[in-house]
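Some structures are shown below for you to check.
Both complexes below contain chain A, partnered by chain B and then by chain C.
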Partner chain A sequence: MPNTPDYHWPPMDKRRVMGKRLDRLDGIAKSTGAAKYNSDLKPEGMLFGALLTSPYAHAKVKSIDTSAAEKLAGVTAVRAIVKAGDELQWAGQEMVFLAATTEEIANDAVRLIKVDYEVMPHLVLEEDLSKVGNRARPSGEQATGDTEKAFQEADATSEGSYGIPVLTHCCLEPHGQTIAIKGDRAEYFPSTQNVYGIASDIGRALNIPIANVHVHMDYMGGGFGSKFPADRWGLESAELSKASGGRPVKLFLDRATELTIAGNRPSVFAKVKTAAKKDGTITAWQSETWSTGGIGGGNLNAALFPYVFTQVPNRRINHTAVSVNAGAARAWRAPSHPQVCFITCSAFEDLAAKINMDPLDMFLKNLNYTSRADLYKFQFAKAAELMEWKKNWHPRGDSGNGPVKRGLGLALGTWGGAGHASTCKTTIHPDASVEVELATQDLGTGTRTMVAMIAAETFGLPISAIKVKLGDNAYPNSGGSGGSTTVGGVTSSTRKASVNALTKLFEVVAKSLNVSADDLEAVDQRISVKGNPDKSMSFAQACQKLGVNSISEMGANEPAKAPQEGLNTGGVGGVQMADVSVDTETGIVKMNRLVAVQDCGLVVNPKTAESQVYGACIMSICGALYEERIMDEQTGRVLNPDMEFYKLAGIGDIGEIIVHMDIREEMDKRGVVGLGEPCAIGGIAAIANAVANAIGVRAPRVPLTPARVLAALERRTA
Partner chain B sequence: MQAFEYASPSTLHEALALLGSQWGEADVLAGGTDQISLMKDFIHTPKRVVNIKGVKELGGIHHSAQGLRIGATVTFDELAGNPAVRTEYPALHSAVMGVASPQIRNMGTAGGDLCQRPRCWYYRRGFGLLALQDGKSLVPNGDNRYHAIFGGGPAYFVSPSSLGPALIALGAKVKLVSASGQRVISAEKFFVSPQNESSRETALLPNEILTEIQVPPARGVKNATYEIRQKEALDWPLVTASVALQMQGSTVSKCSIVLGHVAPTPWSAAKASQALDGKALTPETIQQAAEAAGDGATPLSGNEYKVKLARVAVKRALLEASGKG
Partner chain C sequence: MSLKQEPEKRKRKSNFSRRGFLQGVGITSGVLTTGVLEKEAEAQSSPKVAGPGEVPITLQINGRPYKTSVEPRTTLLDALRHRLDLTAAKRVCDRGTCGACTVIVDGKVMYSCTVLAIDAQGRQIQTLEGLAQNGKPHAVSRAFVANDAQQCGYCTPGFVMAAKGFLDKNPNPTYEEVKSGLGGNLCRCGTYMGVRKAVLDAAKEMKGAKNA
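Moving on to the complex of A and B:
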């Protein structure tokens, strides 16, 4: 037996597939519509699910009568999940699920349900903390150093209020599933970030073996952290199927329900005081923040303040969670980070303006308070070069004549992103075809492409020779996709499974070539003796030697061992810089340019990596300029659960986006690190800072709508 | 969506016979860009839907010395591509292009633009046209960032029409036809601010179809529309201003300035118009007209910014009309 195989990534200059700018494997299928999402499925005999949700933010059910719905022809099952006496805690809370033979009948049946409500007092707005009463839950003060003394001794202090609202995930493919329960077996087609783990939700709820819950998902249309559990609509659709003779039930939320109850990102409002020396050294941070994550309260990690600059010597942090009668928050692409980054970087930019310092210089000056000073120094230099920062930056408000003012802003971010536990099975068949199987999911990030690239690299084959099988929980468990942990996990397990399979193939070939298996390598579709390429055979010839037997080998990424193995690791940094133009007569902000410099360790495919960052930049532009969930205190309802007033950027709104992946040998040596979340952090702060720089005053609340920009300008004149 | 009877007549005569005498009996369908969502959201629950896209006499753009005749089912895209619209009626052309979605321009019709229902989020969430709860409007104490700054009460929504302000500024008329006759009224009179929940925001009656728009000749009339819209992509304007200036030499002999998205109807900014009547078009007179455009505004708790935007829109529309935009 050979020694433990060498799993290390090939050196940068020896890679044939990894590091290449390859198109994603499913790009054509997705752009032509050939790719079928689970929300596209129409299996034989399918029923349509529908649900009744609470119209009130807080109410007691006095009575509920579903009999008319049950009697409607075409309705196959009705399940009330609330009963008389139950309290409803938010508008949109699920009350009744039903299934019917057509979508129209299902919706008509929902309207036949009679409910008497006793409407109760509610709270849905948290921005004014003085009005939330007993819904506030302070979490106690965290203090380090002597903040008071630092403020007294400082050359300059800055005080500001900032706010970032609740956003919804707004997945283009809404939450939902098609599910059929036949006896003790489930065929389950959800839109999920958790192909393997989600089976247990169904198994437990329906008391059937988890092994009998078969999950399928080839493609999914957006999750951003909100699609892990089966959810009430999944469990109830399963029950409806069971009650309807096992017919498949399809229930995907409509747009309004999707934006109301399928997850959101907590708001944060803040009062911040900071202090600095004349030379730009930051000496103190003090923040009072509050936020809501819906009925459950906060859901914000206030310990992240002051963001990235965590070692500012004097710090005082107070945070209050506010419970409101609205749907619960869920993880949202880099939970807590974009909000905490926005507040921190806004406050420090204001502080820089106070001492008439270029914020780039101030951020550089204080990098010793971060845990990655050298990395950020490099990245800021690169971003500054791409932004032509020194040429284009001007002191706040010094923006020339004319109504349109231009400004620059910056921000920085950090994230973990080490690979999660993942197992993978790789099979080499006698006909030289190679299959890679793992129960992961491609959220649209390129997971399928990454897996194929790693296997192709390892076997010395073109990417077209690899068949990737994912999106099915019959394959080995590869974990859910959260925390930017997927790429590290699946590339490592695929590498190990592929090396293990190749080692077995080498053992077969070694006998024919009369060499030791250790002496062989797989390059350019051949198995050759290292240093003696004449002594070789093609990969296909090698596989023929397997006779009728395939080689199947497992590989696992174990997070505890991963750092030693060197295949993946965690901890990245990124910086973003924004260039905006603000029409000071209309308050409209236009993006000129957004620069993102991002590290994610070893970059498997620069093209798909850049795509990830582009997407994150667009998301940041939406958050900075357009997006917010608007609640109405009178009715307790979301006013904009639609794509009309829940505004998202279009192509004409995003300006030029420049992405620079920080691909240096020293980054590469760290192995693969996740990317999805870290690049979605700094953009909002950078854009908000650019607007402050352009108009000469802080517009404290995002999104930066014309109303808010004009209000800030009026304060400046006043 | 509530089940309904569907009719697809091929003549106006047939179409008119299918309409009801009360709202709710029959709805007219053309492009469907608003009608379908109204029905899906149960805001409209007509017993019958009358599709008029197959009625040939309701289509077509005709340009002559008498002006422009726009059939009700003419799409935004057809308007955008019409050379006369582009050259003689730039106010109309920019209003059309303000609908920043090719899909909606392909489907949406001129008649539908005038007859579409308000976008007020209380109305669209089922609280009625006047957004009443316990007899009181939800708008003044609610989130009214997009609501009316002029003419509010009892209605506070804003007219969503893209073409209305330009058509009024250009002095257009609309033809309304019923089985028993027809009437031609000014575009300005077509829009009304409803006084109770059972009335509507246009003069159209349940048994009528808006068949055509008649725009007088505008050769020599300086006209423009300026739209303040936050996004480049599809987005409702915050404020628009359409201006039409008849000139005598370098003097404005007749000025019409109409604001959009600021009131339950397109809003004629009479004081702004007066500020220019009989005056030369100069940066100073334009500024005076712009300042006057905010006169009489009664903003709500969250939309004072729109008063400022109204002034800016008027200024920029006038600059554009004068060739200095």
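Moving on to the complex of A and C:
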């Protein structure tokens, strides 16, 4: 029986490609405009789709008449998906889809649809729990220890209210697809995080074999957790194509619809009480929280309270989900974590201020309540050094006499991120070209580049010698990109497939070098006898020995077996520290610096890894200072479904960002771990804490707009 | 055909702008007579009225003419993307906020979602597709790669064009000037740190190229 090949990663000091700061492979295609996104496609005969959505947050359709739209020249198909008597549950709910020869005609046709509505009462605001009536769904209390007793015996207690609103993903490439249905076959070009899995949505809805649904996507313009299913617009575009003789239909949502219905992150509002001893030991946590994720209610994992410090001995946690008449929540980079982190770290910072303690000292003091005390201790020390925390921190509010107050804040985060199921096929051709195929997707995280790096490392080749083929469900099954599971999955499957293929090549070469295949290694574009580099041949010569045959081998990451194999694992930590200046006359918060120290096990490409952390920090700045979905109580609509008033930070709004990847041998030994989510957690909390430190009072509700900062200052002086 | 004369000719023929009109009347005249207003109305509803329906247009893009037809309400962005398969410019906000559709028109950086295609006739339009020279990507494009100033890449074409236009006018920018000069482009993945470095790198290389 043959021995199992050695799949282990080469030791850190032996790696030639992994761990290097390499440019992303698709960089030039993106920065020259050559990259074709699926929203850029215009196949022969393509039609444009458009949709009518509900203008009311809650209404009954009294009548609907699409006849004028159907008669408009250029319109090829109209599909009403609601009928008289149906109830509409949120503004933006899809009602009619249609296709036409030009986008202008399609939009004109939508305007010709006549609908009579019976407007019904709606609820769109959840911030005041006393006003939501029967839309509240409490999920019952989780209690550990004796919270009441802990509060009575504590040296200090702190009470506070906090709020973090609904955000929308605001992917720059909107949700949508180009799709053609011909007979029982589909050519499907979506913008998706789920190239392999999404085919089944179309197959099931149209009752055609999933095997006949061909999915292809080379590039995608942002998902952040919101782009997994085919969605109603995908299924209806398929139906429109079918009804239009199989012509391709392109429908990507316009910006307003994108921001209204294509995904959002649940809000959380909280009343928190905490307790500590004089020395900073936290003794109790009590939280009453509520949130909305749209019509379906909750979507918040309240069991995460108190965040990271989950072993605080006395805990009482109550959470209520509120159903509102608004578009449904979807996963967003680290679901629940940024919100729970914000509330927890804000409450603990307030508690530290109550006992006049540096929050860094308090966080360090209580690390035994976390599951990674040593890691956080190391990371806080590193971050404090980069931030010059001890030099720059001052007690809350003790920030000088001028109108501009500077403050520091901190937070910490955790995530899983073990690799998902992934299968890969690696092929070595006689001309020495190497192909790696797997049905994964590159969201801009650098997946394509990392797959090439793993194969290049394994074969002793430069990354330019590897052809990576992904973004197509004709390739072997690889999981959807959610939960930071991609990098662990695809690097492990690529490693195994490549080692398997190389083993086959060694068997061919061994004979001519008159050694056993086990004695060979692939280094510097040569196949050599281990310890005897003179006995070798070039990789190209070795491949010539294949004659006319290629070697194709599979490799798989199976999550259940991964922990034993050691190629990937889960469980990471990271800390962030913020430095802000607040103008107390205008209420404007200015970012000075944000420091992120982040672990993700073995870092395949530090360059793209750092980019992800920079990006997550900037996303956190947006959440802390700018972005918020604003609902209008009167009309029930989103008031800011555009990029003018749904505010994102610009290039001048972010201060300086310092990223330190926690690359150490003991981290590296754990294997590859996902990064996208964990770095997107702590920033909002760190910034909010820095503002509290600067102005001497908690501004409880993010984003910290000038109005909210000024309101907090008013309470302080009142 | 002299390309430089094109915008002038167009101005004389159809660009009956409000500002031009007021200048013509004279800002000191104080009272506008009904007769003048009628003339303005006449000028606007003259045979120059285009549409409804598609009208043929010619656009000068990256130094060559492109003929197509669009409805008068079609933006330059949609004409590029839907009619000419020039899809580097992206449609993101479609309301002149985010800069993903940035092109350079007569040397000026513009959001192509805010310009009508029919109004872009006779003007020199440069899109990202036309930036490479002799097949070599432009210095700004290369600097974006070297500094990893892109993730999903959807804002990148607009950012590269905005950076190019910025550097044409500010060949020697400071870090602070880059931060304020590129404020018209938004990125959701958060690539700004790389963009800042890329623009400074590209500036150095472009200056070097000029001296060579």
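Note that the second predicted complex is superposed on the first by the 716 of 718 C-alpha atoms of A that agree within 3 Å, B and C clash if a C-alpha of one lies under 4 Å from a C-alpha of the other, contacts with A are read in each partner's own complex, and residues count from 1 in each chain.
FYI, a contact is a pair of C-beta atoms (placed from the backbone, for glycine too) under 8 Å apart; a residue touches a chain by one contact, two chains touch by 3 or more.
All values reported here derive from a predicted model rather than from experimental measurement.
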After superposition on the shared chain, which partner residues are touched by A:651: those of chain B (first), chain C (second), both, or neither? both
Would you check which partner chain A:27 touches, where first means chain B only, second means chain C only, and both and neither mean what they say? second
Quick one: is A:632 in contact with chain B, with chain C, with both, or with neither? Answer first, second, both or neither. first
Answer with first, second, both or neither: which of chain B and chain C does A:640 touch in the superposed model? first
May I ask you to name which of chain B and chain C touches more residues of chain A? C
Which holds for A:705: it touches chain B only (first), chain C only (second), both, or neither? first
When the two structures are overlaid on chain A, which partner does A:104 contact: first (chain B), second (chain C), both, or neither? both
Mind working out whether A:663 is in touch with chain B, chain C, both or neither, as first, second, both or neither? neither
For A:586 in the superposed arrangement: first (chain B), second (chain C), both or neither? first
Residue overlap on chain A between the chain B contact set and the chain C contact set? 104, 642, 644, 649-652
Which chain A residues qualify as touching chain B in the complex? 104, 107-108, 111, 585-588, 625-626, 630, 632-635, 637, 639-640, 642, 644-645, 647, 649-653, 705-707, 710-711
Chain A partner, complex, touching residues on chain B are 1-3, 42, 100, 119, 121-122, 124-125, 127, 133, 138, 141-143, 145-146, 228, 230-236, 238, 302-303, 305, 308-309, 312
Help me check something: in the complex, which residues belonging to chain C touch chain A? 71, 73-74, 78, 81-82, 85, 87-95, 97-98, 100, 127-129, 131-132, 137-138, 140-142, 144-146, 148-157, 160, 178-180, 182-183, 185-196
Within the complex, chain C is touched by chain A residues 23-24, 26-28, 30-37, 39-40, 42, 48, 102-104, 170-174, 219-222, 224, 254-255, 443-445, 607-608, 610-612, 614-619, 642-644, 648-652, 654, 657
